[in-house]
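Should a chain be cited, it is by its letter among A, B, C and D, assigned in written order, with residues numbered from 1 in that chain.
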Amino acid sequence: MSAALLEVRGISKRFRGLQAVDNVSFAVPPGGIVALIGPNGAGKTTTFNLIAGAMVPDGGSIVLDGADITGGRPDQACRAGIGRTFQLVKPFGALSVLQNVMVGAFKATADRVAARRAAWEILERLGLAEKAENPAKTLTLPERKRLETARALATRPKILLLDEVMAGLRPTEIDQMVRAFADLSRETGLAILLTEHVMRAVMALSHHIVVLHHGQKICEGAPEQVARDPQVLECYLGHAQAAERPGA
Amino acid sequence: MRASRALGLSPRAAAALGLFLAVMLLLPFLVNAYIVSVLVVVLFAAYFGQSWNIMTGFAGQLSLGHALYVGLGAYTSAALFVHFGLTPWLGMIAGMAVAALAGSAIAALSFRFRVGGVYFALLTIAFAEFTRILFDHFGWVGATEGLFLPVANLAHDDPVRLRGSPVMFYYLLLVLSLAALVLSHSLLDRRVGYYWQAIREDEEAARALGIDVFRYKIAAMALSAAMTALGGTLLAFYDNNLYPDTVFAMGRSIEIIIAPIIGGLGTLFGPIVGAFLLTGLGETMTNLSTYFEISGLKQWFYGAALLAIVALQPSGLWPWLSRALGLWERRR
Amino acid sequence: MLYLNIIVAGLLTGAVYGLMALGLSVIFGVVRIVNFAHGEMMVLAMYGACLANAGLGLDPLLAVPLVTLTLFLLGYALQRGLINRYIARPDHEQFLLLLAVATMITASLLMGFGPDARNVQLGYAYDSYQIGAMLLDKVRLLAAAGAVLGAAALSGFFRFTRTGKSIRACADNQFGAQVVGLDVKRLYAVTFGLGAACVGAAGCLMLLLVDVQPYIATDYTLLAFIIVILGGLGSMPGALFGGILVGVSEALSGFLVEPSFKSAFSFGLLILVLLVRPQGLLGRA
Amino acid sequence: MMRTLTRRDFALGAAASGALLADVGRARAAARPIKLGSLLPRSGFEAQIGQSCQRGVDLARKLLPAMGYAVEVIDADTESKPEVARTRAEKLIRDGAEMLVGAFDSGQTFAIAQVAEQNGIPFVINIGADPAITEQGYKYVFRNFPTSVMLGSHGLARFNDLFAATRTSPKTAVLLIINDTFGQSMLKGINALMPKANLPFQIVETISYDPQAKDLSIEVAKAKAANAELQMVVTRLQDVIIMVREMVKQKYEPMGIISPGSPGMYQTQFMKVLGKYADYAITNIPWLDPKQPLARSFTAAFTKAYPDEVCTLDAGFTFEGFLIGADAYKRAGSAKPQALVEALKATDIKERVMIGGAITFDAKGQNVNLPSGVVQILDGRPTVVLPTENAEAKPVFPVPGWSKRA
């Protein structure tokens, strides 16, 4: 895995006596889709925040495309090539959907027309085009999640961090999204790191799965391999089955 | 037509704007000196509101101490004029630089230490008040005794030295306010405007999209401060006398921000609409209350009017008005 | 010895400042609204105490329960009727709302009482105690004692009564409070009422020290801001501590430097604290 | 509170001054009254003093016609803000005001002066001490009030008169002075004049305090620690009340409290609030001349109209402002600005309300003939004690200690 796009080496984070992330290492190859799974409180979102620069790790390092980005600010992480979504969506409510995505697109270009064109393309790809002129605050929750993704994509990341963007979607919508991401990754060579409770999406989308529990990596491997791992079955899938029920 | 498209206006809105401009250009020929003096107050309020709007309306950082930049602009240019005879056109650049520097420093200190929201607002008050007291003791600019610009009663206006009649100031302010309008519009249409609004709506999300929030906030503050200082120079040369307690007054900071809030925070025309409405309201009430001979009545109605507006149109009158007139401005 | 006198005077005045600021702090801590009409509410209370003195011959100290209750009801009504609707609105709208309220209070006072300063004539207004070289001013002593009692009563309320505990729960976790079935809107109104009651009591005590005029309100609003930020917005002991800190630092700087410069010291202190410890000296991070 | 003058009040006041009125009333009133615009801070933070001046306006409105002057007064409120003063002045002119009178505060007075100049409308300043106002080369601005420098020098000059009359000579003084526009220009004047004034005392400490101060305990403690014989003060009303109260509490008893010419220690509120502790406070300031018949009838009319208020220089100078305007109109026989300005320049009013010689204006439009009297609170009333030719009583100095007052 020396040719990895993103390499996470032994990162840790501690909050007031709680070891949220404990010496976690994994890698995402170029164009690869890796899922980070685990029960609630396993440290997935914290890991995301560490990678995206929202938090500074207590130890370990994060390397993107050969450059060490450990401890950088979120905007620096973004400029290094990390695009992220938030689990609790953060739309720019007063701006239109198009404008939201244009904010992201401005990372690559200062030209308004170019940014606008790029934003349109992404909106069409994610099926938000007909909502383009609506204020973001009028969107439904699934639409907002898609907007999050669109905005992050607009920054032309090398790797996209998706934090539970499928939650609350109907199965048909999930399949649609899965297809969209798979196409995107195949066509553009975009790498994706996702956390997801919707196992249907995880299994369909990811090439590789990393399982976290109590902040530690307990297992990793190909999807079917992980699904058979007794440790995972014991500590994780029990929860996951519960969590997969609608509304969980 | 091209101009109207460049401003993103519908033909109807462009016509309305054209009409408004024509009226404003002709107004001094149509009304008496009293109305002109009131219009000067309106334009000052509009311009200061537009300047403040960049900081708070666009970039979302609530500043309650903008009198600081009015004062820095006014005092810098006036002191340079009084002590060295420097033309106000250069003095205003110096004033803008001083204000931009002060604004950046305040913003840098605050945002570096992650002071935000209400705390930032209170910090801006503190800086303004602190500076007021400093100037109360600053002998070179007259301290509490005041700084006076020599008043020359010229037969003709002298725009080079900014000595002249209210009508001259009316046109200067009109140009300034239009320039601020065009500038605001063009900023909103660029990356920086998008970034400011993103920061206003959600800082964390803005950061995740690669925006150096700290830098953009400082830029907003510096620009807003510099623009305010430019108005401060005009104020100094219009009033011809400066006292720290009136120039830097907290009351002025508050007056600056009422018009844009009433008009519609973050909109292009809100500050202008708000300024017309508030000043008009104030004058009407003053004229009415002289019949009743009760001091305090005017202020009471003023407060009641503010309350009514914030209760009925909390996001400002312009969005509502433009919809009612069919001039719907794209919500930015 | 002179220093001791000055520090004690600053300490005593500071205690009254503290009680006033306590109201602002309580309101912010729970309702998350910055009460820009705080000074106006206090001036209203001062006029209330004046009226109680003129009409009923009450000493301002004895008028405390009456004025406090009135202000409580007023604050309760204000929150219930008006401010509750703005809880979730942006800062600038809340600011405008309270500015409008403040303007109307000042204008009403001006119409009702005129611009002349008012005060109450007390038999003991000029008394002072000589203890060794120390000179204790009776009025100031009484006012400070009242302030400490008032603060203690409020803290007792929050600690021992059911409503007080609910308010604290509500401040810690509004959502949780709603989940367990607390009527948050009512608790907010009670809190605003309590904050108003604090300034009510502080107003009565302040009337012992200064004369009242409609236009002094803004100065007190600013002063209250300084104090609560120094102590920590939302922290009760912080407000008292901040008040005393401001009282003493103003006294000392006035004595050591230039009196006309002393409020710059308070603002300077405020700027320093905001930059170094924005949550305030006793505030929680 | 906002009591206006009724005709009956005035009838009583006028009766008290019948002889005088018969005298000046001989001249036939001009056919058409001149419109005088009054600009005062009737609301805002200076409302208190603005209202105090307003009483002079209301008296002028009633008294001047009875004196044979044809005037009509229109009121305006500057709200204590220069920019409002400016628009109000423009409004008054648009409403037909042919002359302006006002505005107590220097900043507002400046704003009005510019409007007056631009419109070519004469402006008579009732009160406003900033020396800069009459240094601008204005052609339409006239001031019947001393500049702060004049106030300071005249005020200091009276110290020696007081010491001579009471055969005292304090050696040291502490100066408590307000840090606002007025206070600081006074301070400048005092510092410049002290060496020349040949006074027996030295100022050992100058303490300047914040105009917004609500508490002066530290300032007073500092003054007391300076251990001077005399306390000199330059104040406004609110702070001097706090100051005296604090002096009583801190048992600080200098030979006396003397103001070289500032507001505060002669105003109604000072005496009302402080009672016996207000007594003996001394202000060297231009005052109503108890020996002048017009001043006596004015005071009488004032007392009838406002029984609870003390007639002070605020009302006196404001009234004189209108008197000057009315007199100029009468002599000019026309309300044309140029005619009025010429008449104002030629003003020579000998029958006046305030102490001093005739009202005349120098080339800059300043009345330089405005001496100060020594006004001491005696039995709860401001009393002229010096100069002897105007005095109603003898000065008391050194003053009795706080505890020795009944």
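As a convention for this text, a residue touches a chain if its C-beta (ideal position, glycine included) is under 8 Å from a C-beta of that chain, and two chains touch if they have at least 3 such contacts.
If you're wondering where the values come from, they're calculated on a predicted model, not measured in any experiment.
Under the contact definition, chain A and chain B share no contacting chain. When each chain is reduced to the average of its Cα atoms, D sits farthest from chain A. Ranked by how close its C-alpha mean sits to the mean of all protein C-alpha atoms, the top chain is B. Each chain gets a centre from the mean of its Cα atoms; for chain B and chain C, those two points are 32 Å apart. Chain C has its Cα centroid 49 Å from the Cα centroid of chain A. With centres set at the average Cα position, the gap from chain C to chain D is 37 Å.
Between the Cα centres of chain A and chain D there is a gap of 77 Å. The residues of chain B that reach two or more other chains are 136-137, 294-296, 298-299, listed in rising order.
Each of the following residues of chain D touches two or more other chains: 2, 43, 47, 51, 179.
Shared contact sites, meaning residues of chain C that touch two or more other chains, fall at 110, 115, 214, 258, 260-261, 263. Chain pairs that touch, as defined above: A-B, B-C, B-D, C-D. Residues of chain D that touch chain B in their complex: 2, 4, 42-43, 47, 51, 75-77, 79, 81-84, 86-88, 90-91, 93-94, 106-107, 110-111, 114-115, 117-119, 130, 132, 136-139, 179-181, 183-185, 188, 211. Residues 32-34, 36-38, 41, 136-137, 143-146, 148, 150-153, 165-166, 239-241, 243, 245-246, 283, 286-287, 290, 293-296, 298-299 of chain B touch chain D in their complex. Of all the residues in chain B, the ones that touch chain A in their complex are 189-191, 194-195, 197-198, 200-202, 204-213, 266, 330-332. Within the complex formed with chain D, the residues of chain C that make contact are 2, 5-6, 9-10, 13, 110, 113-117, 119, 121, 125-128, 135, 137, 139-140, 209-211, 213-216, 219, 250-251, 254-255, 258-263. Listing the residues of chain C that touch chain B in their complex gives 34, 86, 89, 91-93, 95-97, 99-104, 106-111, 115, 214, 218, 222, 225-226, 229, 233, 258, 260-261, 263-264, 267-268, 270-271, 274-276, 278.
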